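In what follows, structures are represented as structure tokens.
First chain A sits with chain B, and in the next complex the same chain sits with chain C.
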Partner chain A sequence: MWKLINIELYKIFTKPRTYIGFGAIFVIITAIEIGIKIKGDDMFAMILENLSDKFIFEGKLINMYGVGYVILNTLWIHVPILVALVTGDLLAGEANGGTFRIILTRPVSRVKLIISKFLAGWVYTLMLIIFMILLSALWGVVLFGPGDLLVMTTKVSIIGSDDLIWRFATAYGYGFLCMTTVATMSYMLSAMSDNSIGPIIGTIALIIGITVVSTVGASLLEPVLPYFFTTYLQSWQKFFNTEFTFSLVAHDILIQLIYIFAFFFITLFYFRKKDILT
Partner chain B sequence: MEAYIEIKNLSKHYGDIKAVDDLSMQVMPGDIYGFLGPNGSGKSTTIRMLLSLIRPTSGQIFLFGKDLAVDRYQTLSRVGALIEKPDFYNYLPARKNLEILGKLSSVQNLKFRIDEVLDLVGLLPRAHSSVRTFSLGMKQRLGIAQALLHKPDLIILDEPTNGLDPQGQKEIRDLVKTLSQENNITIVISSHVLFEIEQIANRMVIINKGKALVEGNVHDLINGDDRQVTYVVDNSENVRHIIPGTIWEKRFQKSSPDRVWFKITKDEIPVLTAFLIEKEIKIFAIEPVRSLEDFFLHLTENVEIN
Partner chain C sequence: MRRRLIIGLILGIGFGVSGVSGYAQGDEANVLLNNLAKNFEKLEQFSAEAVIKVDVDFIKIKDRVIKVRFEKPDKFTFDSEGLTLLPKNGLQLEYLTLISKGYTSILAGQEDLSGIHTKIVKVIPEIETEDIVLAQLWIDPVANRIVKMKTYTKKSGSYLIEFKYTDHPFNLPDQTVVTFDISALTLPAKVMSEFQPQAEKVKEGPSTARVIVQYRNYKVNQ
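This part shows the complex of A and B:
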């Protein structure tokens, strides 16, 4: 099994398309960080205009944590695309390239192949998130330095810098769980397709489609919304609740896990019986 | 002796379409076994079922005496295959491709073995070149190299000369013969080209519309008793006038203004030729229509022998 995982990791990390994800994250994060460095003061002044009558803000509001929080908000739109770019290609790419004919005619179990490809895709997703964290932290330290975090949701909270590391770690951890759900869905579509475009576009369309429909037709979809995993993609924000307890996110984590297992077992069941015709 | 491949009543249906229909055949150790049929006859579907890429609708496949459905892992470790066009990870060099495939087959001394098979197919100097820079002929040879990597007892080649120029086709045929003679590997080779099978195979099956039409020794089929021979003459009417009442009357098949077709044995060719010359028929050429070609065309025109 370890041998298979190694082979799959080798294939992923020697493929040029893999680095599109890392490149895109580098460009997006760098643009955000530099943009905030240049225009951040004006932006924050505008946001805090209504509050400045009632509060006196002291210290650096534009700091590495503040920018990190903005990045967390922004990137969960882009990261699913970058995840699907690789995981959607894991099985469909082999079908499209005709390489199933040379690997599945060897003494390799289809179940083991499915598991090892999934794990390799999962490692890629993890690497992408780690890269995002490191780059965000690096730019944050170099350009801004530490400070307290101002969180504005339905209320305004200020979280001290000594209370932030674990919140970012768990938020990213939850984000990684959500991206695993996206990766597994994309992987499932990949098993059902003989062309990488379908699973990649399909994943994006499903996530964006459900999110848009959930927003626009919220009242219409209200009974089913709690069952969509997309409903909980933004739940990482709960880790920045000043009165955070695990029970706040337990249900959301459970939904993600159920989707991950469901998508994975559908993939396994489907691919075991799939006729390789390409 | 136990058959290396034994297929029993194999069928594959896609809805109402019968891609393979109740096919049975046997490949014995040491055979170069031709799998002949026109395009769309079910050759590739059968081969894919043999390699567990496609699940049969019904029937059984035994490789080396073991049921493929039960002992897939063990049996496939003794089989090498090249199916249709040779596809690889194009962004990787030839050597890396073979490394991946060798690891999947748990090949011992992999680096040495890769050198060995690349040398055998003449690609050692290009071992570090990316596969995307390879011509179709080179990819085809790399395809054979990957099939040989784990020293299989049986190699299955599905249309290995497709798309190659005549020189490339000859190289592949020569390679197949070498593998059989020097490495004692049993080979199944599918093709829709009769000439190719005739050149290299010792036994064969002809299939059409998913059904086996005939299976047997290639030599016997080519040199069977009945062969059609075309005589190119000055005027076929003269021939038609002289044969009534002779033994050639029954051998006569058909004629055109300058050609006459007889169905005769090999030994009868000089006798008939002498007879025609004696009757002052001008013969410009004698063209045997090879029985296998005739057989193939005849069989694949909806005629079922079995």
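This part shows the complex of A and C:
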């Protein structure tokens, strides 16, 4: 099994498209960090304009944690696309290249193949997130240094720098769980397709579509919204709640896990019965 | 003719008395403010640690310790290790700035505050560029210090500042409580998270903010 995973990882990391994700993350994070370094004061002044009428903000408002928080917000829009770019190709790519017949004539069960390909895709997703964390932290340290985090939602929270590492770690952990859901969904679509364009575009279209429809037609879809995994993609923000308890995110984590297992078992079931025609 | 003379005399006396009384009130107010200013004449600079407690329903922040520095005549600097929220008015001994520049003052009565007999003085700054347009001071005439102050500003509404003292030199406050109105404050909800400036009114909770500042470790003229 371990050998199978290694082979799949080798396949993933020898494809140029794998590095599009890392390249895109590098460009986006670098642009955000440098942009905030140059124009951050104006940005924060605009955000805090209202509060500034009554309060003076004393201390380092723009710091590595603040910028890290902004990056967390923006990158969950792009990361699903970058994840789907690879995981959507895992099975459909083989079908498209006509290599399934050769692989499946080897003494490897379809179940093992599905599991190993999935785990390899999962490792890629994990590496993408780790790269994002490291790059964000590195730029943050070099350009800004530490400080307290100001979180503005319907409330204003100021979280001390000594209370932030675990929040970022768990927020990224939750983000990774969400990206696993995305990866599993595109993997499932990949199993159902003989061309990798379909699963990649399908995953992105589904996520964007559901999110847009949920936002625009929130009142119409209210009864079903709690059942969409996209509803909980932004739940990482709950880790920055000053009164955080696990119960705040338990339901959200459960929904993501249910989707991961559902997508995975549909893939498994479908692929075991699939006629390999290419 | 005689009747007119009597009416004229009564009116004359009336205006005269009220004029003298008004002048006396203004004069007493000036004396109170001058005594207050004398307190600080020998105060060149001071530094202190201040523990800031922000009591606002929608703001979650732990108590912060900052360093406050004052240099004559009215320069204040704040040094904070972390991020701190300070009220825009109330922490910079604004009355010093007020009385060090031109002003008009009126004695507006007296009131007992927590067992302290105070005289109420209204101060109108003469310089139009000042943010404060009117200040009402509750002055303890025995100890020559301000017990309470209400300022009306052009930009940020009114602030009520209450002072508590122990025995610091130059009558520097031991605790300052700043209360101000935030009912008109709107929060750009989730701006940080989504870059969608959906201004959302703060509906819950009280419409006033309270910032309690506890001073300690005063170092004066050192």
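Note that in this section the second predicted complex is superposed on the first by the 278 of 278 C-alpha atoms of A that agree within 3 Å, B and C clash if a C-alpha of one lies under 4 Å from a C-alpha of the other, contacts with A are read in each partner's own complex, and residues count from 1 in each chain.
Operating definition for what follows: a residue touches a chain if its C-beta (ideal position, glycine included) is under 8 Å from a C-beta of that chain, and two chains touch if they have at least 3 such contacts.
Not measured: the values here are computed from a predicted model.
With both structures placed on the common chain, the touch criterion links A:K60 to chain C but leaves chain B unconnected.
Chain A is touched at more residues by one of its partners, and among chain B and chain C that partner is C. Of the two partner chains placed by superposition, only chain B is touched by A:R101; chain C is not. Look at A:S161: by the touch rule set out above, it reaches chain C but stays clear of chain B.
Of the two partner chains placed by superposition, only chain B is touched by A:P16; chain C is not.
Once chain A of one complex is fitted onto chain A of the other, the partner contacts of A:N50 are limited to chain C, with no touch recorded for chain B. No residue of chain A lies in contact with both chain B in one complex and chain C in the other. By the touch rule above, chain C contacts chain A in their complex via residues 58-62, 66, 78, 80-88, 155-157, 180, 182, 185-195, 199-200, 202, 209. Against chain A, the residues of chain B that register as touching in their complex are 48, 51-55, 72-74, 76-77, 79, 81, 83-85, 87-92, 96, 100-101, 103-106, 143, 146, 150. On the side of chain A, the complex with chain B involves touching residues 3-4, 7, 10-11, 14-16, 97-109, 273, 275-277.
Chain A contributes residues 47, 50-51, 53-61, 69-70, 73-74, 147-158, 160-161, 234, 237, 242-243 to its touches with chain C in the complex.
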